[in-house]
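Both complexes shown next keep chain A, but they swap its partner, so chain B is in the first and chain C is in the second.
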Partner chain A sequence: MKTAALLAGLAASAIFATQGFASDLFDRINAGRYQAILADCAACHTKPGGKPFAGGAPLQTPFGALVPSNITPDPETGIGSWTYEDFRSAVKTGIGKDGKRLYPAMPYPAYASMKDSDVADLWAYFQKVEPVSNRVVSNQLPFPFSIRLSMLGWNWLNFSPREFRPDPNKTAEWNRGAYLVNGAGHCGTCHTPKSLTGADKGDEALRGGNLQSWYAPNITSDTHKGIGSWSIDDVVAYLKTGANRFEIASGPMAEAVSHSTSLWDDADLKAVATYLKDVKGDGAAVPAPLAANDPALSAGKAIYLDRCSACHVSTGQGQASLFPTLAKAPVVNSSDPTSLIRVVLEGSQAAGTTAKPTTPAMPSFGWNLSDSDVANVLTYVRNSWGNAAPPVTAGQVKDLRATLAR
Partner chain B sequence: MPSSFLSRRRFLSSTGMMLLIASAPGARAAEYAGALPWKPFAALPPDPPPGGRWYVFTPEEARTVEAVVDRLIPADELSIGGKEAGCASFIDRQLAGSYGSSDRLYMQGPFAAGLPTQGYQGSATPAGRYREGLAALNKHARATLGGKAFFELAPAEQDKVLQDFEAGKVEYKPAAGFFNLVLQNTMEGFFADPIYGGNKDMAGWKFIGFPGARYDYRDYVTAHNKPFPLPPLSIAGRPEWKTGDK
Partner chain C sequence: MARKLPRKDVVIVGLGWTGSILAHELTDAGLDVVAIERGPWRDTATDFNLAYAPDELRYAVRKDLFLQPAQEAMTMRNNVSQTALPMRDYGSFLPGTGVGGAGTHWNGHTWRFFPSDFVLKTHLTERYGAERISDLQIQDWGVTYDEMESAFDRFEYLCGISGKAGNLNGAIQQGGNPFEGPRKRDYPLPPMQMTYAPTLFAEAARSKGLHPFPTPSANLSGPYVNPLGIAMGQCTACGFCERFGCANYSKSSAHTTVLPVLMRKSNFEARTECEVLKINLSADGKTATGVTYVDVNGEAFEQPADLVLLNAYGLFNVRLMLLSGIGKPYDPSSGEGVVGRNYCYQTNAGTQVFFEGKHMNPFIAAGALGQTVDDYNGDAFDHGPLDFVGGAGLNCIPTNGRPIQYRPVPPGTPRWGAAWKKATKQYYNNTLTFSSQGSSYATRGNYLDLDPTYKDRFGRPLLRVTFDFPDNDVRMSNWISDRMQEIANALGGKQSVVAKLRKGWNSVPYQSTHNTGGAIMGTDPKTSAVNRHLQSWDVPNVFVIGASAFPQNAGKNPTGPVGALAFWAADAIRNHYLKNPGKLVEA
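Our next item is the complex of A and B:
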């Protein structure tokens, strides 16, 4: 009798244990799914219109093309034969299965600061992703960059794996923001300027970077070039909906908002805003704008009134949620005008989010404005209504036009 | 049996037609979900043929049309004339395109007479009507005014020929219709965007105070009884876009 009761008890506890394990696993997979959103894995590893995580569209780096790998659990062409340790090593140190070295286009220098528990959740999630057989030849770099072992030297120069350490003098919210911005969120991958070897310039973190013919603006608290004049709510609204009262996400940031930040928890977005508002800019003095009688400005003003003011308004104020404000906008005052030239030439479409599904678009003016027209109108925009930034040259427009035509 | 009664034959043929329409391939609407479709560099810019040459008119036809447009819009203290404004070149380039060949009109018969309000209802294309009409114009001029072609006549004589054409008082039957066609196209050339060859330097728009290809006046709608301050604007821009020009 006693034995029977004991057996029954054992059976019951076994069921409990299984159920407990199952719900724990579910929580971890779900948490891992959220980590994949925070890290925006799909941005690179999912081809537009392709199967999730089965390999992405080629990334054009300054050194050549890299194709993001298949990270579904397919044993032949994905990461199905990997162990957790292989995965953790790839994500946090850039060394994949069998010691294969990843290129830092995979932002492992940022992911290095992720907590092991978050990476373990991510691993739990990726084991449950639909396996897709799709062989990807990642390394399409020219010699000598094609030698993966060269990343040994790169890592020695540029990479010191270190998990995030909270700053005890800051609030928990600030620390959560710092962890997200510099870790899974890998904001610096675009927004931090790069050295000649393509590594982050650590002492210029988040002060704006140029890649893939876009300029990711300064997102420090700089009030001229950065987002210092945005409130915490402005930052949260931008990341959550793709637009705030000043600005609308475009280009790669529109994709980052649509696929990633619009799906983040509000508390995490607020933490990010809190942290970004506390990141110092370069402290440089605000330059003086060009004189209003500069010939480029007179010509640029005529073009602006004829081609831009219908949406962006003659005072550069724009229209909230529809047309970005150009007056005192960080991207307008950036030293690097690449993104400005690009949206004028090829047009732009706003991020689509659940909150703002309209995706208003700017038409392309590449057919209508010459290189010097684009240069003059942008020089006018960059030196009006409180803006001040170096003039744009026709040569810059010509070069970018040629690059984009390829 | 009343004729409006649905006969078996009509019923069968109309049903058959409906079945044909229902099974027509390619009649599916495009469906979009999520973000609106968008492509970089998307634009359908106007693509007028470049000027500096005649596309349809022979040299004699070109001289004739230039003479006609300069009588319809003579140069005076108000504006330049139709010839200098490029109206003949505008008409030539239009005739070289789908307008001249009626490519975008239904051009199968029957060709009924139609009402005046319905415009031209015949089988000829505008390019054909110009070829025939200009020949008739010069033939009439040569026959009645000392063997001279239209463009060789004095302005007063040219006006007389045009008036006769307009009134249909010539041997050439379609004369009035031809006159109205040329008058219509000359006005189009004088006021169309300069990228199409006429309206040189937006002279037509400056003449009537038309601000051109603009589409936003919010800054000015409340400025009552004040002239609109900006000069006219072509699709291709305006001189003030260029550095140094004013």
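Our next item is the complex of A and C:
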């Protein structure tokens, strides 16, 4: 009997070894499902209206288009023939099955800090999603970026995989927040400025980044450009519902809230808020606003009162849950006005969540405000009611308009 | 041949106010619901863009949001001796179309009818005797105000109505409407900040011993989050309500109060630009099996369903019943039959007072921002010595000062040229307008049926409207005009003009889109098309919800009672019908 049990045990561990940590245990699969929410895998790997995880819509990077792969367990077109080790390696080091190198649009530099046990849970979950046959040609980059081996050099320059190590001087909550922000949550993928090669500027973490013609604002404790004036509850409310007393998520963040953060555990959101409130900004002095008699400001004020004040009101206070506050708003005071220009040109719809189902929208003004109108009104907004930021130029508006038209 | 689609629990015809409320309630009850709407999808962000929503030429003059006669026309006449002719352009009333329905482009006056309105026949007979109303076809609703109170409350809280209670649990409240029925709690929001003209009107009315109060408004006085969690904003008094969609999320409509939540539900589906041709019945005609509709490509579909809800505009509910053979058509010669019976309207007259040296600033306005006097409405006053029943609300609600259509000038002013220009300049800021909105009581000869001659593009007969102002209502309106003259005199001014209604309803100039009746509710299947739960007497899995259910119309805007009836019918379906499908009332 003893021998039989031992043999059975050996057989089991052999399967364990080849199949990795895949498990039928409910709590592993359920925990993996939560990891998929934390990591927002669906944001890229599920096409809008498409089958879950069967491949996403093309991502436009500065280097060309990449199409997120099919990560369902379909053996032909998905990851059904992968082992756990293939999966872990892809998620944490960017090296997929058979040594194929992924591009860092897949945020493996962030996922590298995930614990192996979390990645194993994720693997357990992905074994259970519906296999979908959908062949995806991920690499649509032009030469020379199309050479995947070039990522070897990129990794050598930019990537030093390191699992998260808690800071013993901080609370467990802070450490959990740091783990989520820098790991599965991969906040820095958008919110950290990038180098010329597209890598995070590590010493400027979370101080705002420009990606796909959006500017993801500074989310450090900077009280001018960042979210330093938000309380922990404000941060939690924003991530949980898509809105707080100042701000409403729009653009890519609306999707991140709808698909990911609104589904996070409250304790995790609070941990994230605790950590973000402790991330240092650049410490730069708050600039002085432009003089009130600046011609751009007087022209912009007239446009603002005519077009914007009905919702955002004449003092830039907006209205809770409906129209964002513009006074002292991080995105308004950002050095990079890309997102501001974009929402004026294109309009933008707020995130919809169960708690905040309204989904109010900013209408598009691109069709009836000229480049200089947009520049002036934004310059006015960026230099009124306590705001101070560099003027927006008509040239910036013209360039973004051209980019968006492509 | 219509393609047959998979069965649904519920099919809703028309996704306006009542369709949205019923869809929300029944999806909450776990049912699989599809709404079929013949007009386009519309939402605030896309379709009421702030940058072009206040386009008076597009929306008010060219009527962009309204039903066009090419899609569905009607024929109209004053009495049975005439031959009805089809309208080439809607005029006297403007039916809506599209998601949100007429609730998209309404002004926002949100009333409860008086308790006596719901038991009008009983009330007037007891007070004045049966002889007084013998030339009218007045009926009770089959439901009382007290029964409807919570449904009114739910609609008002859904919308965030701004107003002041006049009667809280029987205690009259200073500053509210002292003639209203008792309400359990106050409005969700306080009244809007009052503008100048209504303030002058209220002072004049008070000087005559009347009781003005702020009109209950669906233009919101402040920020509001409704019970569904949907946020609305404070009205900016831009003056673009009636005929416009609201760009500021501050006028209650299906878009701003229900649809954001409804559209997130996996058990709800909306099919727009799909026109229902008829409700399909079983061979014995006693059960609806679903509906047949045509999509924008002209392809026909059959949508089977267990429950069919007619939530179209009241007139179109009636037409669909007639086209589908649900209920016995009304015959004015015998007074028998129920579908098309008791079509009523609204009995209105206007007053203008011209001043000098005032600053009315009419551009600071909202659709329901004003003052109302109800002293002469319904049976709030003694009709003993008078020769009519019914009454009117007196409303000073300057809805707009829009550049194209708001050009008040005194009578005798040339219609064009330098003198006209001078007068419009002088009186734009110096005119105060108020009006009477009178009850419309049913007669045997005012009714709806299918036209014998004219057909729509599918070959279906058009709806025929046979209507004139009843003598009773003309007498009522003229008496009310004399009361308006008294207020106008108290206002002073350089000149006042009080209109007097005459017999001979004219279908061309705009008067009111308050068409009621035709599928009225009641307790007797011989005189009502639907029972007190709005369920068809003849086909019990059909409910007909809207102003089509009003036995007669009061001197008030109908949307409040229409919204309340939606909750009332939803309760009947959820609490009674679903547990035991079949007739909720045995005749």
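Just so it is clear, the second predicted complex is superposed on the first by the 382 of 406 C-alpha atoms of A that agree within 3 Å, B and C clash if a C-alpha of one lies under 4 Å from a C-alpha of the other, contacts with A are read in each partner's own complex, and residues count from 1 in each chain.
Note that in this section a residue touches a chain if its C-beta (ideal position, glycine included) is under 8 Å from a C-beta of that chain, and two chains touch if they have at least 3 such contacts.
Since this is a predicted model, take the numbers as computed values, not measurements.
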item: Superposition on chain A - do chain B and chain C clash or fit; value: clash
item: Chain B versus chain C as contact partner of A:266, first or second or both or neither; value: neither
item: Partner chain(s) touched by A:295 [first = chain B, second = chain C, both, neither]; value: first
item: First (chain B), second (chain C), both or neither touched by A:347; value: both
item: Touched partner set for A:355, first chain B, second chain C, both or neither; value: second
item: Which of chain B and chain C A:320 touches, first, second, both or neither; value: second
item: Contacts of A:310 with chain B and chain C, given as first, second, both or neither; value: both
item: A:130 touches, of chain B and chain C: first, second, both or neither?; value: neither
item: Touching partner for A:368 - first (chain B), second (chain C), both, neither; value: both
item: Contacts of A:85 with chain B and chain C, given as first, second, both or neither; value: neither
item: Overlapping segment of chain B (options 6-14, 24-32, 60-68 or 78-86) - the one that collides with chain C in the superposed model; value: 24-32
item: Common interface residues of chain A - those touching chain B in one complex and chain C in the other; value: 310-311, 347, 349, 352, 357, 359, 361, 363-364, 367-368
item: Footprint of chain B on chain A - complex, ascending; value: 258, 295-296, 298-299, 302-303, 305-306, 309-311, 313-314, 345-347, 349, 352, 357, 359, 361, 363-364, 366-368, 372-373, 376, 404
item: Chain C-facing residues of chain A, complex; value: 307, 310-311, 319-323, 347, 349, 352, 354-365, 367-368
item: Contacting residues of chain B [partner chain A, same complex]; value: 34-36, 38, 40-43, 45, 214-216, 218-219, 230, 233, 235-238, 240-245
item: Chain C residues touching chain A - in the complex, by the definition given at the top; value: 44-46, 49-51, 223, 225, 228-234, 236, 238, 247-249, 260-261, 264
